[in-house]
Amino acid sequence: MGNCCDRPKDTYIRVSLPAVCFVWQIAMVVLFGVFIRYNEESDAHWPEYKKKQNITSDAENDFYYRYPSFQDVHVMIFVGFGFLMTFLKRYSFGGVGFNFLIAAFGLQWALLMQGWFHSLDYNTGKIYIGIENLINADFCCAGCLIAYGALLGKVSPVQLLVVTLFGITLFAVEEYIILNLLHCRDAGGSMVIHAFGGYYGLAISWVLYRQNLNQSKHLQGSVYHSDVFAMIGTLFLWMFWPSFNSAIANHGDGQHRAAINTYVALASSVLTAVAVSSLSHRTGKLDMVHIQNATLAGGVAMGASAEFMITPYGALIVGFCCGIISTFGFVVVTPFLERKLKLQDTCGIHNLHAVPGMLGGFISAIVAAAATESVYSKEGLVSTLGLEGKFANRSPGTQGGYQAAGTCVAIAFGLVGGAIVGFILKIPIWGDPADDNCFDDEVYWEVPEDEETIHPVLEYNNHMTHKQQDITESNFTLEQS
Amino acid sequence: MGNCCDRPKDTYIRVSLPAVCFVWQIAMVVLFGVFIRYNEESDAHWPEYKKKQNITSDAENDFYYRYPSFQDVHVMIFVGFGFLMTFLKRYSFGGVGFNFLIAAFGLQWALLMQGWFHSLDYNTGKIYIGIENLINADFCCAGCLIAYGALLGKVSPVQLLVVTLFGITLFAVEEYIILNLLHCRDAGGSMVIHAFGGYYGLAISWVLYRQNLNQSKHLQGSVYHSDVFAMIGTLFLWMFWPSFNSAIANHGDGQHRAAINTYVALASSVLTAVAVSSLSHRTGKLDMVHIQNATLAGGVAMGASAEFMITPYGALIVGFCCGIISTFGFVVVTPFLERKLKLQDTCGIHNLHAVPGMLGGFISAIVAAAATESVYSKEGLVSTLGLEGKFANRSPGTQGGYQAAGTCVAIAFGLVGGAIVGFILKIPIWGDPADDNCFDDEVYWEVPEDEETIHPVLEYNNHMTHKQQDITESNFTLEQS
Amino acid sequence: MGNCCDRPKDTYIRVSLPAVCFVWQIAMVVLFGVFIRYNEESDAHWPEYKKKQNITSDAENDFYYRYPSFQDVHVMIFVGFGFLMTFLKRYSFGGVGFNFLIAAFGLQWALLMQGWFHSLDYNTGKIYIGIENLINADFCCAGCLIAYGALLGKVSPVQLLVVTLFGITLFAVEEYIILNLLHCRDAGGSMVIHAFGGYYGLAISWVLYRQNLNQSKHLQGSVYHSDVFAMIGTLFLWMFWPSFNSAIANHGDGQHRAAINTYVALASSVLTAVAVSSLSHRTGKLDMVHIQNATLAGGVAMGASAEFMITPYGALIVGFCCGIISTFGFVVVTPFLERKLKLQDTCGIHNLHAVPGMLGGFISAIVAAAATESVYSKEGLVSTLGLEGKFANRSPGTQGGYQAAGTCVAIAFGLVGGAIVGFILKIPIWGDPADDNCFDDEVYWEVPEDEETIHPVLEYNNHMTHKQQDITESNFTLEQS
């Protein structure tokens, strides 16, 4: 893929990283100054607003409906995604640290981008934000962090900030098209977050294919404790996924149902992931990679239909199938993609996000198309499928078609956007590591010296070795004499 | 205990584990299909229901009263119990991974079992579920995870799934007897969860006694970092215990008071656990096992009386005593049980769950018996002790007697049920490890190669050793010549 | 600084630690018995109270407004501060374990001290507690845990309990002066928690200066995995800081706005901390110390003005500047303080708490002074700045002056109180470690044997070494013969 990269790599980022951070952060300050204000629920005028709107209790402030879910989502973004990526033996700093950097920048840019598309008041030219905007900003970051999963260990922090800048921008556009123009329902973001983020990352990784990556092979696995760290990420993602899928669902039954559906779908994924993992080993041993990832597939796939009346057993079936498909992907598809399609996907986001996200979109199409007034009630059907305003005449069947179309839009945006961003990242100014330097924290982090001073065994060992050496040497001398 | 096990062990689980996972998960799908539906608060008919019931605000949906506590309980089940069991030097995968598997299966089966006993609508034959059912399902899993603590490292994942299947079933029955027939109050599950789960696990472990377990002695301790991992579990259990004990308490003052009581009881446990731990060492050094476990005893013991007007200083006293008793148990009782009763209890659940749970049950008997109308108010007494409907004529004293009886029922179910399940587990088809293979992740997990490639010291060391060897060998040759 | 300490240190704490724990815990039980009762929202009389006050819904119980934030704060105190202090290579037990002990004692003493100052009913002589008291007790502990950051690894647990006893006492007094007498606003505790706690710890550490601390130099750094553990602390602090700053803010817009302001300020800190960290290294590598600490500075500095209409871009600017100042402090100021002022600050609390806390206080003075009715609305200005009751005539400008004065009071209390406590700690009865024994868990913990038994490489290595030794020895004998 071009030979512009066939030269010694320079990972000096002392100019580029601070420059990008400062320039972008100053831009954020300026743009926030021009555009972002508190909305009526977070503004000090709230007591007046409450009276005007006949709201009797502060408990009606959206903050109290959504803040617990927001904090759970926040944990998923920073600890969940962050620690899931600590599994490599020598890239834990990069996994959790760059995840932190990406998300902290991404959420600011997302507040602006999503604000322009969704919350801009055309009279005042301002974006008014409240708790729901914060949740959406976190969601938006999730897309970029998924993409980071495919790139983990192979790119520089400057490149990651570029991936984030474009990723958030693309996200806001595709989200606007899918949620506003096509008017799809996607409470948990199967399509807008997972399918988009997954294919975005895969496309970038495909463009950045490294022929000689096996030079870093010795660092591409895990060690015992790094796998345990990664389980922290897995579990926080798994546990809080019901909050993820219900965070911006409708008040009342919407949030309630989304949480239940996600809870049971995830439980089902765990069992089938374990089953397939065991089947794929000669004596039935489990593989940590599958447990860390495929157990989450049910949550991804439930995203788009979380609010729907999919019924608890429907959710179980979704989780059942996705646990199998995802584990199968790790066992068979990822190695195949690497060999045949020259696609290097460090965390296997193809199996955890891209495919289950796409499936989730299509599942939501089927479930939406099957919706009836008897199951949802008249009012429930309108509010759950969002068939209000100019979409009041849409039938459930039509809505189903749009759900499928939305999924395709998300994938298309991911693939095309990712390919373009990939080519931008090939410009040799971003300080990315050489092929034999990947998956190594030494490149971008001051790594502490190793544990020699605290291992008495090792010290003893060293000591003995030196002693013997003395003996051997003196021995040698003796002989010569 | 029989010599059916005196043969080489076969830990091949490639058939049994996938088979059990698939069959049970498919059974779950079918049973959910037949029985489980959304309740009126999570169904799309909620807007209609709201109008019919004159509910003015979505904030009255039980979801908003209980969801934050639910998520805290969820964290306790998966991260709390899971990471608490990572303390062994080479069984962290099994600790956190099998915990994950047990809970993911257990919560599905619990939704059904508890549903049949508590939420079955006899007109429609359906179980209608909402957020409270999810909390109860998590609680139900807790019982089995406690039992896992006694078995940690000595059983196969297939055996654990059997333990869970029977454990959840027994749990639902004893819970029905204790909460519905005896009409005990047990908001935080001192008796139904901790006393039952504790004695259930101990009875199983007693039946599965391994005479030659000392062959795995070298793996039965912790290493530095595995102890730090276990502290993650301890702290999340400790911090969220107020949510555990208040999650299904009455709205309003019930949840509020349960949280306060648990909060202060736990604080008190920490100080006495530290004191006794220090006392039990020659120069006053603390033992991580005590800090990881005994600090939680106050939360266990406050379970049954969390909602009661035990007063903050009453809660402090409960925590004070249980911190001492639990630490004393780790120092003295567990070794005694192992030597004299042939009871191997890996995590010491006897000291953390069985005994404090039993004490919690009896404490609740005393506190209930001492309840008066002046302290609780007329209405408060009725709602706190649940003296409504057909129990309206029960006096606080009688209620106290029933609380004590309930505790005994829980213990009896645990002991008898555990003994039976133990004998089932002795059938030599479950792929359990041999005595010299316990506490070792190698048996059921693909464990990553060790850290050799990333330790420069070691590499240097190896290098030197080889060099010397060369010298020595050549030396040797020289001499011979 | 005196030579009363120039003698061999005795770290025997088997008498002092249990004695202090028991005596203080018994004192807590007695004092709770005399003073502490449930307030009207956590008492069983709540149903009556509700009717009397015309409260229509249990959702109006303060529990539901504040419990989710309380649990987040609780996580910050125990996991956040605790794991942030696990970064040392051989003091992780002490970091997370003593943090646990301090907080568990501190919150009990804080309930009393703060109760006497803020919640005492003069008619009954009782302190009535509810969820807000629990949050404030946790806040109060935070001050002492910050101080622990400066002392980490250099003091005994008995000394830490003394630091906590005095720290909580001083905290309650300065808080009463600042919040009640001066009537400052400080929702997130920039001044009362961070400035006070920071300078309190620095003053103690200054008095306890250890001339020969470099004898423990080899243990004063981190290792790879201890840095990853510390990131758990960092991230939970970072994620839940919006809850910290909004936990006791006004219902409705107050909590909502405080969360938004903190969220954006923290995001901004991350980017500038990364930028300065990269700038300060020869080739632009990042330093984990900066990422673990300086990224949090924005949250500290937003504390006092979290509730104010500082606007989102104002919050961004605060985070922007504090990220720079804090990282700069780690790079330049801490080494300077150690060399010139003989101030040893293990965790660098000067840069994370003392300075950003002080700045936060002064920022709040400016923002308060700039408040206008048009921005806040009439009612909003009164409730946000607290200009009610006897403070109704205060102008925003005057309030600004008082905010600045409050900051100075907090610093003065910290410095003077810390100096006094430091001298108390120099009495040679507390079992503190010798200079060459600092930063070592061996002193106060039973540390597990090292990983020899589980490292095949090492075993092989040992094996080879012994073999060679045999060869060499036999060799030697041969020659002699």
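Should a chain be cited, it is by its letter among A, B and C, assigned in written order, with residues numbered from 1 in that chain.
In this section, contacts are C-beta pairs under 8 Å (C-beta built on N, C-alpha and C of every residue); 3 or more make two chains touch, one makes a residue touch a chain.
In UniProt terms, the chains line up like this: A, B, C = Rh family, C glycoprotein a.
The shown structure was predicted, so the numbers you read here are calculated from the model rather than taken from an experiment.
**Student:** In terms of residue numbering, is the interface formed by chain A (Rh family, C glycoprotein a) and chain C (Rh family, C glycoprotein a) classified as same (over half shared) or different (under half shared)?
**Tutor:** Chain A (Rh family, C glycoprotein a) vs chain C (Rh family, C glycoprotein a): different; shared/all numbers falls short of half.
**Student:** Between chain A (Rh family, C glycoprotein a) and chain B (Rh family, C glycoprotein a), two copies of one chain sequence, what rotation angle (nearest 5 degrees) aligns their Cα atoms?
**Tutor:** 120
**Student:** With chain centres taken as the means of their Cα atoms, state the distance from chain A (Rh family, C glycoprotein a) to chain C (Rh family, C glycoprotein a) in Å.
**Tutor:** 31
**Student:** Where does chain B (Rh family, C glycoprotein a) touch two or more other chains at once, residue-wise?
**Tutor:** 57, 59, 64, 68, 90, 225, 232, 450-451, 458, 461, 465, 468, 472, 475, 479, in rising order.
**Student:** Please give the residue numbers of chain B (Rh family, C glycoprotein a) that touch chain A (Rh family, C glycoprotein a) in the complex, ascending.
**Tutor:** Those residues of chain B (Rh family, C glycoprotein a) that touch chain A (Rh family, C glycoprotein a) are 11-18, 21-22, 24-26, 28-30, 32-33, 36-38, 41-48, 50, 57-59, 61, 63-64, 67-68, 71, 74-75, 78-79, 82-83, 86, 90, 92-93, 96-97, 100-101, 104-105, 107-108, 111, 129-131, 134, 157, 225, 229, 232, 431, 443-451, 453-458, 461, 464-465, 468, 471-472, 475, 478-479.
**Student:** What residues on chain B (Rh family, C glycoprotein a) touch chain C (Rh family, C glycoprotein a), complex-wise?
**Tutor:** Contact set of chain B (Rh family, C glycoprotein a) toward chain C (Rh family, C glycoprotein a): 57, 59-60, 64-65, 68-69, 72, 89-90, 218-219, 221-225, 227-228, 231-232, 235-236, 238-240, 242-243, 251-253, 255-257, 259-260, 263-264, 266-268, 270-272, 274-276, 278-279, 281-288, 291, 295, 309, 311-313, 316-317, 320, 375-377, 379-381, 383-384, 450-452, 458, 461-462, 465, 468-469, 472, 475-476, 479.
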